[in-house]
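Report on the structure given below.
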Amino acid sequence: MRIGSAKESYIADEALFATRTQWVWFALLLASLVLFPFVSNLYWLYLACLVSINVISATGLNILTGFTGQVSLGHAAFMGVGAYTVAWLDNNAQTPFYLNLLAAAGVTTAVGLVAGLPSLRVKGLYLAIATIAASFILQFVFINWESVTRGTRGINIEPPEIMGIVLDNPDTFYWMVVPIMVVMVLLAANLFRTRVGRAFIAIRDRDISASVLGISLPAYKLMSFAIASFYAGIAGGLYAYFMGSINPESFPLLMSIFFLAAIIVGGMGTILGGILGAIFMTLTPEVLRYGVDLASPFIDEPGAVLSPVRTIVFGALIVGFLLFEPHGLAEIWRRIRRFFHLWPFRT
Amino acid sequence: MSVLELEGISLGFGGVQALSGVDLAVEEGTITAVIGPNGAGKTSLFNVISGFYRPQQGRVLLEGRNLTRLRPPRRASLGLGRTFQNIALFRGMTVLDNVKLGAHVRMRTGVFSAMWYLGAARREEARVREEIEREVFDFLEIDHIRRHPVAALPYGLQKRVELARALAMRPKILMLDEPVAGMNREEKEDMARFILDVKEEWGITVLMVEHDMGMVMDISDRVHVLNFGQVIASGEPAVVQKNPGVIQAYLGSGDVNSLRERLMGESA
Amino acid sequence: LAEEKNDIVIGGSMPLTGPFAFAGIQFNRGLRDYMEWLNEQGGIEGRKVRYVAEDTGYEPDQSVAVFRRITSRENVSFYFGDSTAFHQTINRELDRRDIMMTGASFASELNDTERYPLQFMHGPDYSEQVAILLRHIAEEDPGARVAFIYSDTEFGRDPISAGRETAEELGLEVAARIVTPPGAADISSAALELRRARPDYAIFHGYILAPIPDFIRRARQMGMETRFMGTYYSMDQSIIDEMGEAADGFMGVMPYRYFYEEDAGESELMRAIHERNDEYQTIYYIQAWVAGSMMAQIARETLARGEPLKGSRMRASMEGLDEVDTGGVIGVPVRFRGNSLPVGRIYRADVEAGRMVPVSDWIDLD
Amino acid sequence: MDWLFFIEVSLAGIGAGSLYALTAIAFVLIYKATRVINLAIGEMLMVGAYLFFALGAGWSLSWWLAIPMALVGGGLLGMLLERGVIRPMLGENPISVFMVTIGLGSILVGTVELIWTSAPRSLPGFMPDEAIFIGEAFIAPNTFWGFVIAAVVIALFLLLFRFWRGGVALRATASDQGAAWAMGINVPAVYSLAWGLAGMIAAGSGILLGAMSGVSPEMAMFGLTVLVVVIVGGLDSVFGALLAGLLIGWMESVVGVYLGGEYEHLVTFILLMLVLLVRPWGLFGSHEIERL
Amino acid sequence: MSESILGISNIEVVYGHTVQVLRGLSLEVPRGGIVALLGSNGAGKSTTLKAVSNLLSLENGELSAGRIEFDGKPTAGTAPHQLVRAGLCHVMEGRRVFEDLSVEENLVAATYARTGREQATRKDFNLVYEYFPRLHERRRALAGYLSGGEQQMLAIGRALLARPKLMLLDEPSLGLSPVLVEDIFSIIARINREQGVAMLLVEQNANVALALADYGYIMESGRVVIDGSPEKLLGDDDVREFYLGMAGAGGEMKSYREVKHYKRRKRWLS
């Protein structure tokens, strides 16, 4: 409940940031994104870039899985398609980087549409498993289509260049990837203010009654797959540029699970959830690393427990959130906000 | 004039013949009730009309247009609105979003304009929002709950939201599957009033399935009786009510007092 | 702290956990011990050497993260990597930061001075390892039939096409190429395929242990007389401990001396290793010493030329080396060809003696 | 065509397939009773193998002691997972439960790596070592004995589901736990039983698999193929699991030999896609009821 | 042996630690008697039944105060299946048949209710089929494909097979045709008479429920607001208006067409 926010028009009521405070927050957030490079070191910038790429990808998966209810375990493979498109163009057709990125998104969208076809026949868990199959088939293509992918040897990508500046380091890359991330997130947020986004949610909640309400299931399911793949393509393309080299093992099933975990932990079906989840899941290993550093006086060979502990924590986060906080970090965030909103008048 | 006509609809599931050769016409501007024993095929008939089931035979005509080959979404956009026997709201959404979804078929925004949310998309959202507020929420007296998630609402209100959603479609014909099942008398009275107003103020033709005979007899203009997938009687409520076949198959004694005596007899 | 500034820093992305941990832990210990020993000897040109490493779990993205983390805090001159994918991914960054790198990967792909000018291998690449094996076969048994058994991974596929060409050149017949899917559980049908091909020799590549024992056991059950061979990463002593009887006669290529080798005394590094350790040390531990000593040597040479410890300069001095000092761990004088040292010896598992025994001379692919 | 060779390859494939089938039955059991798609089945199998490894190699118990203990351990693990994680998720949407099992899988793998590291290990041998010939066709002894053991267990379960009233109880519980409970079925016990039994079977398959190709955390990947098997066979059909297991085992084997090992998984997943498109509920599964 | 088979005193139920639904509800069901429980939507009728059969835990609900006794023993701490086996059978709202079991298998599942007692025989099945011949016709069909009425018959049939001492019936007439409502209620009456099963009957169809019951309770927002014999309840103005649809004190049935747009408030709400 908010005091003194009577809307003057329905347009205002439908706005993304309804109140002045929200606008202020958004501006502050943008400002801190701008200031961040000036106060952090390269390593933190590296993480920031990685987080941004993951936010894009997770947001895409959230549209498909969180909002439309189509579980996909092939998201990483779609990113792979984007990455290989960029890599191939970079090595074979000296096209500029933004064209490559758009092409990556385009190709991935096309592949995503095909991979989404099973969703017209099957749903729920069956679909999830069909996407595992799709991801294995893509993996097979990455490995065996040697003339394009160089097979298991992997393929190198030159860093992108904008107006003569080579973005070969996080401190420059940051200025490219963060704005893209912000735009992609805003686009996704807009989507769910309109009929298209609502139709997605309707399909998630009850697909047959959605269809009787005039929502064409095949069209919207495929649309959702297409949008998610578009995001995956952009993220994959950026990933290829950022890493500078990719191979078929860069996009394993585990990575798809990672993104699924990110949206679970963040909160399925909220834009904020995708963002928070991607940030949280990308940074958790870092926190663990510090934790293990702290614990080093007490255990011998602390380095050697890090990776199993990471695996365990990864699983425990999925289980824990689903058990105790099924709406994820986004819900925790809302609760915090509510608390401070009414503070000191608690309800 | 009939808005909706069914011609020779037959529908079977494996061994079960749910509908066989049903002919039925719904006159414009009426409340038409379909009654019949459980399992007679009423819900199946609705499902055939909205396109969820494909009949083996027969045609569905809406304002003379053959719908038989169309899929459910297309039929909805041509003006078939409906509510469901078991509430089928989108439980993850608020009342407002549920109702907005009803207006889905009347909106045009595509993905691209949706994502940029500029100009046309923005205007369309605002327009629909305003219409819903003005016409639907006000009418059904649910404006106070527009921001509530539907899953938490009491049953009666959920039914009302479902009606609101169907109205937001601005359908030519509104199909209600047991709109007052599970309600007490008081709530039934509210719902009856809404249904009458839908007909009278909105000018929408209503086709409804209902087992509450009191209500069916009071508010409907025409009644069709279905039994074992066949129409066994049609006509004015008062006439149908006296049809011995209908009484035997469906209505029973219909008299509380005689029932009471019967029950007393049973339990004596 | 001023002193620390002058240190020569060697960074490492170490697979202390994950499927490669058995080697990673040894690399880590080996490098640590070697640096300690080196500092006891007075460091490099009076400068102390410091070794900084973190676990990667053998995940390339973690390796990259560790690299970023270490290089953002330290002025790194050398780096030790853990997987081919990491070596490839980080290459651009190496060039940018002018850091020299070696590591656990002997991928043929990396043996390309144009693409990977700042990387080197302290042994033969996988194709060269297979070539050494084939060379030995061709000598022992001219015209023999050879089968390749490899896993369907980047690691497994690496030397296969080159291996076929080499075999043809040497007049050997490639009787079969048998691919096993990654993480394969059951190799029954692959074993049948092997039996049908009836090769004289079968070379495994792309595995650590499983499914090698299974293959050998089944071949015995089917009464085959094929001799089995492996490449570097399946040649540690542990294969005898794990496989028991079945390991007898298993052969493979090894560029370094084993810990228990009699003529260990000839070698300075082996002596140092023995001083520090009473128990058996794995070949990975020894490998780390070799890697360390080569880094030290390159650094020494560069400093001697009066140049800074920058990758490009170090590359030049590395190429200038007429003979690489391996502290005697590699039994013959070697020098870089491309990014690798294409030298090795064939060893055979002697289960009764409980150790690996050399069955060939040092083979230099030249 | 070399028919003897083809037969040998087929037998080897069917032998491997029997393990798929056995593990698939653990999966089906859980699904039948609790409607949970258990993606952690591969990990449960792996834990079973490690338990046997720990008891047999670590504590050097003899195999006839170590195997029952590992089986019991697997059963207890199943019950523990059910009690601790699955039961609190009762009534949540199936997708959440499915993802919980992914999380569980991760926890199990991490724990195994923490305790035993991820180095591959070999199990103490317990199966006869003499080569077996059917006619002239050779079968590896552990494939053969693995097949025999799996076949016996599967047959037992087929009989159980046919003639035991409990089968109805399992399915009733899966269909609507609330109603089943209100019908006098001890729902918590059914849950524990299903998971316990499944854990036991999974551990058994783990031991058999480990005896063939050693144990390592990578074994968990076996679960993925099992997933394909159950989907192809129909999630709730024991018979389907059996047939699909053998079919896929055989197919992988033949494809691996005649096309090359890199095609094994590809063909499996293409088969999966085809089945999903033609019969989404699997070859023998039952159709989900959907009404308005 | 106490007079009543079920005694509920002063219970309170909270859902999800936050929503209090029952606020000190008390009622009693005599042995072999039929008691009707009426109330508007959301009053907490189903919650009451779930509290009795201990099924609340499935929905994150909790009995936070009060006491329930079945057959002289407190039910607290007894698992639902044990209560059923002791003779308390809950026919839940919304039928809740096992959709992907056949009709016959649904009945087989119900035999678990008799674990520890005399086992069900073919005769028991035939008895069910005799009460509901329609079920016999469709005994091989999947329950999920039955029509609403058939499912309701199956739900009651299952309860019958359980041979309970007390049946909790939650809106058995929901969605049934008038003739079936009559049938179902006469069968309920028959079961009550022939088998001596006590019934706690939750119904929206007040007319029929009060016709059948020996005693009635009317609840609003979690507590009983009025109770008494059917005659007493039928004579109450509020009950007549809000539950039976009779205009005022006059006793004429109101027509739905003439529903007033303003409403009188219930006396017991003020």
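Read from first to last, the chains carry the letters A, B, C, D and E; within each, the first residue is number 1.
Quick note on the criterion: a residue touches a chain if its C-beta (ideal position, glycine included) is under 8 Å from a C-beta of that chain, and two chains touch if they have at least 3 such contacts.
Please read all numbers here as calculations on a predicted model, not as lab measurements.
Chains that count as touching both chain A and chain C, per the definition above, are D. Separation of chain B from chain C in touch steps, taking the shortest path, is 2. Taking the CA centroid of chain B as reference, the farthest chain centroid is that of C. For the pair chain C and chain D, the distance between C-alpha centroids works out to 38 Å. One inter-chain figure worth recording: chain D and chain E are separated by 43 Å, centre to centre, where each centre is the mean of the chain's CA atoms.
Look at where the CA atoms of chain A average out and do the same for chain B: the two points lie 41 Å apart. Each chain gets a centre from the mean of its Cα atoms; for chain C and chain E, those two points are 76 Å apart.
Counting partners per residue, chain D has 113, 262, 265, 292 as the residues that reach two or more other chains. Among all residues of chain E, those that touch two or more other chains are 145.
Residue positions 17-18, 21, 152 of chain C are each in touch with at least two other chains.
Residues 69, 71, 118, 121-122, 124-126, 128-130, 132-134, 136-137, 140, 143-144, 208-209, 212, 253, 257, 260-261, 264, 305, 307-319, 322-323, 326 of chain A touch chain D in their complex. Taken together, the chain C residues at the contact with chain D in this complex read 17-19, 21-22, 152, 177-193, 195-196, 208-211, 213-214, 218, 221-222, 242-243. Here chain A touches chain B in the complex through residues 9-11, 13-14, 16, 187-188, 190-191, 193-199, 201-202, 204-206, 208-217, 223, 227, 269, going by the rule given at the top.
Note for the complex: chain E touches chain D at residues 53, 55, 58-59, 79-81, 84-85, 89-90, 92, 96-101, 105-106, 108-115, 142, 144-145, 158, 162.
The touching residues of chain C, when paired with chain A in their complex, are 14, 16-18, 21, 25, 28, 53-60, 62, 64-65, 68-69, 71-73, 84-85, 88-89, 91-93, 96, 107, 109, 115, 152-154, 157-158.
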